[in-house]
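Two complexes, one shared chain (chain A), two partners (chain B, chain C).
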Partner chain A sequence: MDLEKVNRLPSPTWRYLKTNDSDLPFRNAERPAKAVWSDTTYMTEGAVLPARFEGASAAWKEAAASGECRTVRIPAGTRAVLRAEIAMDEAAPDFAGTYVFHVEKGAELRLVWQWKGGGEDGVCAVAAAYELEDGAVLHVSSAEEGLGGKLLCMQRLIETGEGAQAEFVSADLGGRTVITHSRGYLEGKKSTLHEYGVYTAGGRQHLDLFYHIDHLGEETDSDVEVKGALAGEAKKVFRSTIDFKRGCSGATGNEGDYAIQLDPKTKNISLPLLLCTEDNVAGNHASSAGQIDEQTLYYLMSRGLTKEEARRIVVESLLRPLIDRLDESLRDGVLAGVRSRLDAEGGEA
Partner chain B sequence: MAEERKKSRIDDVARSIYDVKDAVEYAYKTESGLTEEIVREISAQKEEPDWMLEKRLAALRLYQQMDIAPWMPDISELDMTHIDTYVRPKTDMKARWEDLPENIRDTFDRLGIPEAEKKSLAGVGAQYDSEVVYHNVQEEMEKQGVIYVDFETAVKQYPELVKPYFGRLIAPNYHKFAALHYAVWSGGSFVYVPKGVDVKMPLQSYFRLNAPGAGQFEHTLIIVEEGANCHFIEGCSAPRYNVANLHAGAVELFVKKGATLRYSTIENWSKNMYNLNTKRALVEEDGHMIWVSGSFGSHTSCLYPDTVLKGDRSTCDFTGITFAGKGQFLDTGSKVECWGRDTHVSIHSKSISKGGGAAIYRGVVHIGPKAAGAKGAISCESLMLDNESRSDTIPDIIIENDNIDLGHEAKIGRIPDEDIYYLMSRGLSEEEAKAMLVRGFAEPISKALPLEYAVEMNRLIDLEFEGSIG
Partner chain C sequence: MNELLRIENLHVSAGGRELLHGVDLTVRTGEAHVIMGVNGAGKSTLLHAVMGNPAYTVTEGRIYFNGEDITDLSVDKRARLGIFLSFQSPISVAGISVENFIRTAKTAVSGQQQRLFPFKRLLKTRMEALDMDPSYASRYLNEGFSGGERKKNEILQMRVLDPKLAMLDETDSGLDVDAVRTVAKNISEFHNEGNALLLITHLNQLIRYIRPDHVHILIGGRIVKEGGPELADEVEANGFDAYRNAAGEA
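So, the complex of A and B:
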């Protein structure tokens, strides 16, 4: 499989560290599955991504364009719920799709992506633009299940009008290589963008997570929070940038990256960037990495739990607040996925 | 109509003492530029052995092959064809200040170096342009076996100590300007602290660059043997010219088993200076490396002291402050590589940017696969004093081990209004409140310095406040 450079850091650092971008496998979706949409009322054929949509790389953007292309326009003042189920199997192990979701003034869209596995070597390439007009509200939940050895690349771009609110919650439990690329432009005054991600990765999984949010409008607010557990020889790269542009007076932005490392051969890379050319802002970053605290384990075991059970509870307690932000229809499945993952590897994700 | 907010005004670093220019006099100077002939000429002037010339020429070839790192600030105005790489002052090295030519002596007097030597230093080295012009160490130190000499004397008198360490930590291929350093290095200091010796008073080297368009490429090598303890202070300044000056020194520090080295820097280069300095420390078992770094001057700085925690239970403590005013682009930070078991890292970085200045924190903490038990805390705080300026935080954290405990936090913002209001409600004027908050912001750094240098730093940051919050 070819290698492709993805998720280039917007403000690069030392080259010898090899963390400015990632060289990861790439191929096109050759036998794509079909997405099943719960409602096509607001959907039309074709999709034109905004000119500034870059994606994880040009090749991945193109790969996504080779599949179905749809535009969803939620009319002003309307509340809509949409659900997309993508089930891949041996016959159709891949998926590709490009989408534009346009949420008009004061409208609300609740969107659920559900990915189901089958076919070890599949590829999944998605590019989605979310355009929110003034006062629009968007909530997107995404969860994967049983994606095994697949190569996933989820790319998105978010643009917000005045007072618009966008929230993305995703659970990455499967896939051999998972690429997330999220680019946000907080343009409208008082608009918000919140990004939440949970993951459990084991074996030789690679998670490459990229978030980049520009604060352009006054009093805009962003939050990026990613929590997860790494086991086996899993590797996670977190590249997050909050960029306070001149003029975004009163903006606030927070980044958080919290990882529990359960095995000696795990690799955890974190690049949380804060860029700033406006003085009246508050930007914060916090991260932590390490093992489960031995004293916590000891305490739980003294209450009659086995070590594996105690570890599972600690990992769950880290992830649960974010899992609870997912659409209700996905929560139980994700929680079960986390538990089975921890159980399958003897409490080691 | 909302009342217009008047912003705090905080002055640039006061530079009057540093900007006094001496008449440009020299005993010898190379042609401007960087060629093989010039490198050979420097080596011949210094009457070096062939092996050193070969090392210089190899470094020059490397410099010519290597590119400028793409992440670096714009240094396109730094034209090496206009830099004088070697300027020998009109004096040889003295052990008494009164033996120096009057203009050079006056310069160091103004900077307060002889006075500081009398009061609180165990030894002083002073470099003027490309050569060390003064070096002295207390007799007591010499009796204990402490060696503190200029680097070129060390090469001649202590080759058995210098040769195994020179270029070992910072190889010429470390980056382009490390290669440049090895091609044209001149001057610098050598410190050797024998096993178990506690150097109770600091040693200080001061680097003064007077010649316009010149470069300074000093090499500093410090070896602190097992169980020994030393505090080294590095100061640097230059008057301002309207042509680019360049500083590309190299500092190699070896901290042996159970030893402690504190390396303090107050850097106040002029605003035409490109400060592309390189510092690296290797710390062995139970050793402690402490960096205290204040970056106030220069047009452009790229400075990231690098610590390799090779030994088990070795530690690194970095405390740094960067103040970027108008026209300055200060890209500074810290690198730590954990190789040994149970190492400990503490990084505490602060920056202030104003008047269009850019203060960038760039750092890396790399915990290797064998560094089980590593613990670390990284904190970066940036204060923006207006919206013409820039402040970026670019940390890189690489963890290849599960048995670690690492926390990182970063904050960017301005002086919070509510803090000012709170202090004003306790009876302080607005000016007093702001002054207190900004000094409080810088306090962790001044506390880490010896008293007289903390006073020096406070003098450097001349803070003035006025206005009101609307």
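So, the complex of A and C:
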């Protein structure tokens, strides 16, 4: 499989640190499965991504364009719920798709992506643009199960009008290599973009998570929060940039990456960047990674819980607040996936 | 009264330093013991050693509970035998509610699944007795709780888990006068002929409500004086200086 450079930092650091981008496997979706949509009322064939859509890399953007292309336009003042179920199997182990979601003035869209596995190998390449007009509200939940050894690349771009609110919650439990690339432009005054990610990774899984949000409008607000547990020899890279551009007076942004390393061979790289050319803003970044706190385990065990039970509670309790943000239909499945992963991995913590 | 806890010549180290230098202590069912001493005397160390905190190493001596040697037993097994420690600084765990946590713990220590509604009723009764807002049951464990609320939450756990030996590490600190009274009332209600209390306190605040059978003065990792409740009164009046001098501390 070819290697492709993805998720390049917008403000590169020293090259010897080898963190400016990642060289990860790439291939096109050759036998794509079909997405099943709960409702096609607002959907039309074809999709033209905004010119500034970059994606994880040019090749991945192109790979996504090789599959189905759809535009979804939610009319002004409408409230819509959409569910996309993508079930891959031995016959169709891949998926590719390019989408444009346009949420008109004052409209609301709740979108659920559900990915189901089958077929050990496979590629999943998605590019989606979310365009929110003034006062629009968007909530996107994404979860997968059984994706095993697949190569996933989820790319998106978000643009917000005045007072628009966007929230993305994704749960990554499977996939041999998982690439997330999210690019946000908070243009309208008082618009918000919140990105939440939860994951468990084991074996030799690699998660490469990229978030980059530009604050352009006044009093805009962003939040990037990623929490997860790494076991076995899993590796995770978190690159998140919040960029306060001149003119975004009163903007606030937070980014945080919190990882529990259940085994000593796991690797966690965290790069939460804050860039700023505007004075009157507030930005916070945080990162923590390490094994489970021994005193927390001790406290839980002092109430009769075994070490394994205590460990599960600690991991679940880290992830639970974000899992609770997922669409209700996905929560139980994700929680069960987390538990099964923890049971399977064991861990030395 | 049966012997519940017996500590023999206990030496405990942490971070390469010996903190307890040969402590002997016996607690029988129905008894209430108070350990008093200056900061850093080793009071909390003693309770954590009995609970099995892995941060402390027993280098010499044995701990027996109900006649069983528990010196090398894991923390959870000690808890399931009926030992409970109310922490001086309870840990917060976001993501698990108070109710879920205590229900899970009750299942673990009792070995019986806790049916939802009877458990909810029990929890509600215990929370009311502690003047705790019922909404705390659905809040994450100690997350955003004040110091006093955390202490009450510890006593709530003690009441629901109903241990044989309850060790309370400065439960009265961080509580206002009314809360001390409420907590003390709950401890009194919990204490009976079938269980025992081992309390640490700097002050006589709690002792006013729970009259101990035995008071132990711990200085420099050693018990230097033992007596009845009158000893606590004497300490309140005169401080620890006399015992510190006797123990060779400045």
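FYI, the second predicted complex is superposed on the first by the 346 of 349 C-alpha atoms of A that agree within 3 Å, B and C clash if a C-alpha of one lies under 4 Å from a C-alpha of the other, contacts with A are read in each partner's own complex, and residues count from 1 in each chain.
Please note the rule applied: a residue touches a chain if its C-beta (ideal position, glycine included) is under 8 Å from a C-beta of that chain, and two chains touch if they have at least 3 such contacts.
Given the structure is predicted, the values throughout are model-derived calculations rather than measurements.
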Per-residue touch tally on chain A - higher for chain B or for chain C: B
First, second, both or neither for A:Gln291, with chain B first and chain C second: first
Touching partner for A:Leu319 - first (chain B), second (chain C), both, neither: second
First, second, both or neither for A:Gly283, with chain B first and chain C second: first
Contacts on chain A seen with chain B and repeated with chain C across the two complexes: none
Chain A-facing residues of chain C, complex: 51-55, 74-76, 78-80, 84-85, 87, 90-91, 93-96, 101, 104-105, 108-109, 140-141, 157, 161
Parts of chain A lying in touch with chain C, wherever the complex brings them together: 294-296, 298-307, 309-310, 313-314, 316-321
Interface residues, chain B side, partner chain A - complex: 69-71, 362, 364, 366, 369, 372, 382, 384-387, 389-414
Touch list for chain A against partner chain B, complex: 11-15, 17, 19-20, 230, 244, 246-247, 249, 261-291
